[in-house]
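The same subunit A turns up in both complexes below, where it pairs with subunit B and then with subunit C.
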Partner chain A sequence: MRYLPHTQEDIKEMLAVTGRTSLDDLFDTIPDAVKTKDGLNLPDPLSEWDLNDHMEKLASDNIACKGYTCLIGAGSYDHYIPAIIPYLVSRSEFATAYTPYQPEVSQGTLQGIYEFQTMVTRLLGMDIATASHYDCGTALAECALIALRKNKKANKIAVSDLVHPSHRQTIETYLKPTGYEMVLIPHTTEGVTDTTALDGMDDIAGLAVQSPNFFGHIEDLGAFRKVADAKKIRFIASFTEALAWGILKNPGSFGADLVAGEGQSLGIAKSFGGPGLGLLAGTSKLMRDLPGRLVGRTKDTNGKDGYVLTLSTREQHIRREKASSNICSNNGLNAMTAAMYLSTIGKIGIRKIAQLNHDKAVYLKSVLTGAGFTPVFDTPFFNEFVMKAPKDFAQKRADLINRHCMFAGLDLAQFYPELTNHYLFCATEKVSRQEMDQLAKEVA
Partner chain B sequence: MTRQPGTKGLIFNEPNVWEKSREGRCAISLPRADVDTTPLDPALTGEAPDLPQLSELDVVRHYTRLSQWNFGVDSGMYPLGSCTMKYNPKTNEVQASRQGFAGAHPLAGDECSQGALRLMYDLETYLAEITGFAGVTLQPAAGAHGELAGMLIIHAYHAKQGRQRSKIIIPDTAHGTNPASATLCGYQSINLNSGEKGILEPEAVAAVMDEDTAGIMITNPNTLGLFEENIKEICDIVHAKGGLVYGDGANMNAIMGVVKPGKIGIDVMHLNLHKTFSTPHGGGGPGSGPVTVVEKLIPFLPVPRVEKDLDTFRFITDCPDSIGRLHTFYGHFGVMVKAYAYILTMGARGLLDVSRLAVLNANYIKESLKGTLNLPYDRPCMHECVFNDAHQKKHHITTMDMAKRMLDYGFHPPSVYFPLVVEGSIMVEPTETESKEDIDQFIHAVKAIAKEAESEPEKLTRAPVLPKVTRLDEVSAARKPCLQG
Partner chain C sequence: MKEINDLNLPEDVKYTKDHEWAKLEGDTVTIGINDYAQDQLGEIVFVELPEVGDSFAAEEEFGSVESVKAVSEMYMPISGEIVGVNENLEDAPELVNEDCYQGGWIIKVKPSDNAEIDALMDKAAYLEMLKG
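Showing the complex of A and B:
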C-alpha cells in the first residue's frame, strides 16, 4: 500500500522495541469481548487507475459533468473561478497544515486569514469579521443565539420569511433544545419583508433579514434598523450572494449589529452545496460574543510583526462548557480561497462583475417576459428574480435539461406552496446572451 | 548524528496585500459584454468595497510567499496528538475536482444528481460498516458540528421518551468541544475524573449516573491514548438508567477493523473525515463530521437523508422525529468525495493496517522516549502517547520551550498542554504514514533537545530561531486586539 511506508523489517524492529511479537499484540489492552470478530466488509481496494475510472463514472452520473447552463442560484452560485485560485489554494503548505496553534510556523495561514478578516470587514462595512464559519445557515443560527443570549428579557427571534428556507430550518434546529423560539416576519406583495408586521411582535431579542432576499430583491435594510432601534433589539442582516456587495450599499452602512453570509460566490466551487464559506461579522461591541476563531496582529520577541489566534478565552478549548460556541474547525481553506479571489478581482473587478451579473439578470428577465412569462414583482433585484411561468413550462424545463443541459430556474412551490408555477431565476457573468436567447426561443 | 530536517533557507518578506495595491490594477479577465448595461437605482448602490488592486503576478507572488511561511504535512512530520495529521493523498484532490462533482449545483434535482447521491449513500454504508452502526448522516460540517448533531439526537430521543433530562457526564480527558456541544443543548456538564490507570472506572460512572442524566460523552481511545477497557460495563450502567452513550470518534484511527463502537454499547458517535479518512485539514477546515447511530436513533437523524429505491437514489425530508436541518445543503460534499476515494483505495485490509501501524508507531515512540520525557501513564497505548515536562522542570524548561525548540529541528511539535488531566502534557500522535526513518529522526531530535535542556537551556528558552518569526506576544494580542488592517 503506497501510503504505508513500513517494510516487514521495520515492523519487526519496531515491535521488538515495544516488546511485542505481533501487530495483533498491540491491541492486548482491548478486552476480547470488545474486539470485532468479523473484520470489515468493504469493496476490494482499487488501484489509482481503477479509482479514476470508477470516480469518472460516478461524476458523469451528475449532469454537471457536461458543462451545463446554470440559471439557478438560491444559495449556490455559478460564478467563474479564475485559474490562479485553485492553483494557489492547492499549495500544500496551506492545504495540509492544521489550525495555526504554532504561530511561528503558520504565519502564511495567519496573515492570509487576517487579510481575509480585513477584506470581509471592508466588503460588509462591519468592524470585525471572524476567521469563518461553516456556511451562512450555521453562521445565521449563531447570530440568532448571540442576539437571544444578549437580551435577558426576550425569548424570540424574528426572522423574515424571505430568508433562505434552509437557513430558517437551520435556526430552528439550533433553537429547538434551548427553549428559544423563531417567529416569521411575512412578506408584502412587493416581495420584500413587511416591516409593519413587526409592530405587534413582542418578546423579541432580534430580527434577521436577508438582502438580496430569497426572491432576489434588495431589502430596505435602513427600515429594519429603525424598527430594531425602536424596539431596542439587535438587527441581523444575512445574504447568500456575496458579490452583491460589489455594487449595493453594504449592511454595515445601515447599522447592522451582526451579519451572516455565504461566501461561496468568492472563488469557491459549488460542489453540490459544500464546503462553502460562512461569513460572520459584527460590531466591536459584540467582539467577545462572536463564535469561533479570530486572528490578531502582534509582535515577536524581536519586535517584528506577526499574527496569532487571539481572544481564545471565548472558545471551547479554554472555556469548555462556558464557551460562546462549540465551533473548532471552521472553513479555513475556503476563507483563504475567498481572500485570494477578492485580491484577484479587487476594487475595480468586483464592481464590474457585480454590474455584469445585474445586467445579465435584467436581460434574462426581459427575454423571458417576451417569451410569455409574467414578471411577478417590480422590485429592484441583483441577479435573481421570480417569474410566473406559462402553463406548459414544467415539461419544457425538463426537455431543456435533457436536450441542452440547461437548468431554467428553480420551482418555488417546494419552498412557498402558494407560488405554484413560479420560478426563481439567476443569471451570473457566466451565462451568455446566446444561451438566454435560446432559452427564450425554446419556451416561447 | 542523524542529520535533522530543519535548516535555514531563503524566504521572503511580504507586506499585507493592501500595501501592494496600486490604483488601477486588476487581476481578472472579464467576459465580453454582450448585453446592455442597466444601472441600479443610485439610492441602492454604494461605493465599491476598498479591496486591493493588484496584477495577476502580484497575487500569485503574494500567496506563494505566504505559503512558504507555513508548515504542512507535506513539509514534515506533524505529530499533533488527537489531530491525526496523516498524509493527504493527492489523487483524492483530483477526484473531488472532477467537473461532475465540483460543478454540481445542490438544487439540480435528484434525477440529475444520481452520481453524488450514490456516492453519499455508499459512503454512509462504508462508514456504518467500519463503525458497526446502523445509520449515518454525512451532514455535519466538522467534528464539533457532528458532536452538536449527536447531542441534539440525544436531546430529541429523551424528549420523545416524554421526559427531558438535565445533565451529561463528561470525563476529564474530553475534548473541549464536548462540554461546549452539550451546553448548546442545555445540558449541564458533570465532570468525571479518570481513575489511576488513566481510564474511567465503572464505579465512578455508577456514582454519578442517575435518571436525570441524559448520558455520557466518551472518547475512546481517550485523549491519553488509552483504550477505555471498561467501556462495556460503563455503557451498561448508563443504559440501565435510561441514558445514552455518546462516542467521540476523533480517535477512530486507532481501531479500524479492531473494534466496532456500534457493537459494544455506544449509541451515537461522530467521525472526523479530516482525521481518520485522510482529507486535508486546510489550516483549520473545511472538515466533515459524519454521525453514526444505532437502529433506535435513526428516526432522529438530520434531514435531508439519502434513500435508495431499487437502483435510484433520492433525498427524503419526511422524517417527523428528525432533529431537522444542520446545514444549508447536504454538508461538505467535496470532503466526502475525498474520504470515499480513500476508503476505496485502502479496502478492508488497508484500513486495518492503518490502525495497526498507527498504534505501532505510537508505541515505538513511547518506548523510545520514556526515559527522556516523563510518561505519567506507562501503559500500552493506542495511536498516541502523552508525556510531560516533569524531568525538565528542574532545569526550568517547560513543555512550551521544548515544543518551540522542535520547530528549529524541523518538526511540528506535538499537541501541548492537552489533555488537561496531565500537567504540561506533550501528546504525540505520529500516524501510520510516517516511516521508521522519520520517526527515528524525531526521537533523536527530542533526545537532543532534552540534552540541551540540561546543558544549554537558553537554546530552548530562546527557541525557535529558524522560523520567519520568533515567539509572538499573545498577551498583547488579546489585550489590545487588532483584528483587521
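Showing the complex of A and C:
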C-alpha cells in the first residue's frame, strides 16, 4: 500500500460529503481549551540543500559500526548482510507495507510471512511460529504471560539471571500491572543457570532460560525440560543469537514449550539497537494461546493456493479483553528480511556461518589470553565469552575506539556488579584474523 | 439462525442464563452448551476443556468454545470437581453443533451441593428468559 497525500480536490470532496465547510469546521467538536492557539513552535523550513547538511551533521555525531571492528554482541550482532537483502527488501511492494489491514488482497506479503513462519519453525524445531514480534524482550514477556495464564494456580515466573538484562527488564515492565511476579534463577560458578535452584521455589508457572546465555555459554536445555516436567510447569527457551542454531541442537529438540528469540542476526542491520525482530514459537498444544498474527495456507474456490490471516479469534479485535495479547502489530518488514536472509544462505550456509562465528570466537579468546586477559569460565560457548581484563584495559579500550575504530568488548559490571573489570567479547564471521591479532598487540 | 420456537430444548435437563445445560445422572452431572448457544455461535472449530481433577465454583469459567466467528467462555452451572471431559471434541468439535445434548456433551462434574442443580432453570423458565 502506498502513501498518497490528499489533494485540495480530495479534501473539498470529502468535506462536501460531511457537510462541513473547512477543516477547522470539521474539527469543531474538539474543545477550544485543548487546541493550540499560537500554532506550533517550529523553526522555519530549510531548503533541501540546507536540510541535507543539517541531517548529515546530526548523523556524524553517531558512531555506526560501518568502518569499525565490532567485538560486541550482547543481543545485537554485527553480521554480514548479503547485497541481495537490501535490494529485495527495499522494493516498494515490501518496504511500504505494514501489517495488512485488508490482508487477503496482499497475497505476496502474506505468502512471504507464511514462508517466514515455516522457516522459523524449522530453525527452532517447533510446531508453530507467529508472524513476528518487536524483539526478543517483548516476545519473551509474552511467553511468560502465556505460561502464567495457562497455570491459573501459580503467580510467578522463574527467569534465569543469565537471560539478557534488558529482556528481564521488559518482563518486569509487562508483569508490573498484572500482579504476577518474576523470580530470578541464579547462575553457577561455571556461568550457567543453576538447575537445582528451582527445587525450593514454589508458586511457579514456568521457567525461562536463554541459550546461548548472556555470557555466551550453551545451556543444558534438556536438564531444564526435566525440571519443568518434575514441577509440571512450562519451559520457555530464549536466545539473542539466531545463527547459533546453525550448529547447535535447537530448542524444539529439547522439548521447549515456548521459544522467544531475537532475529536481528538474520539479515537485519543493527540500526543503533533497533528495530529488531521478535521470534515466538510454540508447540501445537499452545496454538490458541500464542499472541500476534498468524498466516495460514488454504485453497480458494478455484482450488488455488491462497494465504489468509488465521486463528484471529485469539486477537483483540474479536476477543476484546480476553484476547491472548494486546499485541496487534508485528515487525512485518523485518520478518520478510529474515525470510529473505534464510533463503539466501540456505541450510548449508547457516551451518558454515555458525561454524565461522564459533571458530573466530575461539581464536579471539586464545589471542586475548596470550595478551594478558584471564578466561573466567571453561564452559562451551558459541560466539561470545567473558574475560577478566588486565588493570589498565578500560583506558586502552577507549583509545581503541578513537584511534583504531575498534569496539573491544562490553563492560559487564553495569549488569553484574560483582564482575568489575570483566568484559563480554563477541566475534562474528566479519572480524578478520588480522583485526584480532592487532587487538592483541594493542592491549598486551 | 433458529427461531426461539424451533429450538431443541429437552425437558429432562436444566438451563443457565449463559446457555449451558446440566443433567444429573447418578452422582455426576453432565454439562454442555444448549441448542440456542451452538446455533448462535455457528460452526464450532475448537473446544478448550479443563483438566480432570480441577475444581470450580458455580459461575466460574471452565473453558471456552471457539467458532469461526467468535470465542465464548463457558461457565459452571454448579460448583464441583471435574470427573470427565469429552475427549472426542478434540478431533470432532462439530459434535457440539450436531448433537449438543448427547455426543456433544462437554464435561462431567461431581457436584458439591445437589441443591444448586435444583435451583437452575427448567425449560419453561429458560424459554421465558430467552423471550425476554
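Methods note: the second predicted complex is superposed on the first by the 402 of 444 C-alpha atoms of A that agree within 3 Å, B and C clash if a C-alpha of one lies under 4 Å from a C-alpha of the other, contacts with A are read in each partner's own complex, and residues count from 1 in each chain.
FYI, a residue touches a chain if its C-beta (ideal position, glycine included) is under 8 Å from a C-beta of that chain, and two chains touch if they have at least 3 such contacts.
Since we're looking at a predicted model, the values are computed, not measured.
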One more residue to check, A:199. First (subunit B), second (subunit C), both or neither? neither
Scan A:39 for contacts with subunit B and subunit C and give back first, second, both or neither. first
Under the stated touch criterion, which partner chain does A:190 make contact with: subunit B (first), subunit C (second), both, or neither? neither
Contacts of A:229 with subunit B and subunit C, given as first, second, both or neither: neither
Which partner reaches more residues of subunit A, subunit B or subunit C? B
In the overlay, answer first, second, both or neither for which of subunit B and subunit C A:95 touches. first
Who does A:313 touch here: subunit B (first), subunit C (second), both, or neither? both
Determine, under the contact definition given at the top, whether A:392 touches first (subunit B), second (subunit C), both, or neither. neither
Quick one: classify A:15 as touching subunit B (first), subunit C (second), both or neither. first
Subunit B/subunit C common contact set on subunit A: 313, 318-319, 322
Give the list of subunit A residues in touch with subunit C in this complex. 288, 313-314, 318-319, 322
Which residues, counting only subunit C, touch subunit A once they are in their complex? 46, 48, 66-67, 69-71, 73
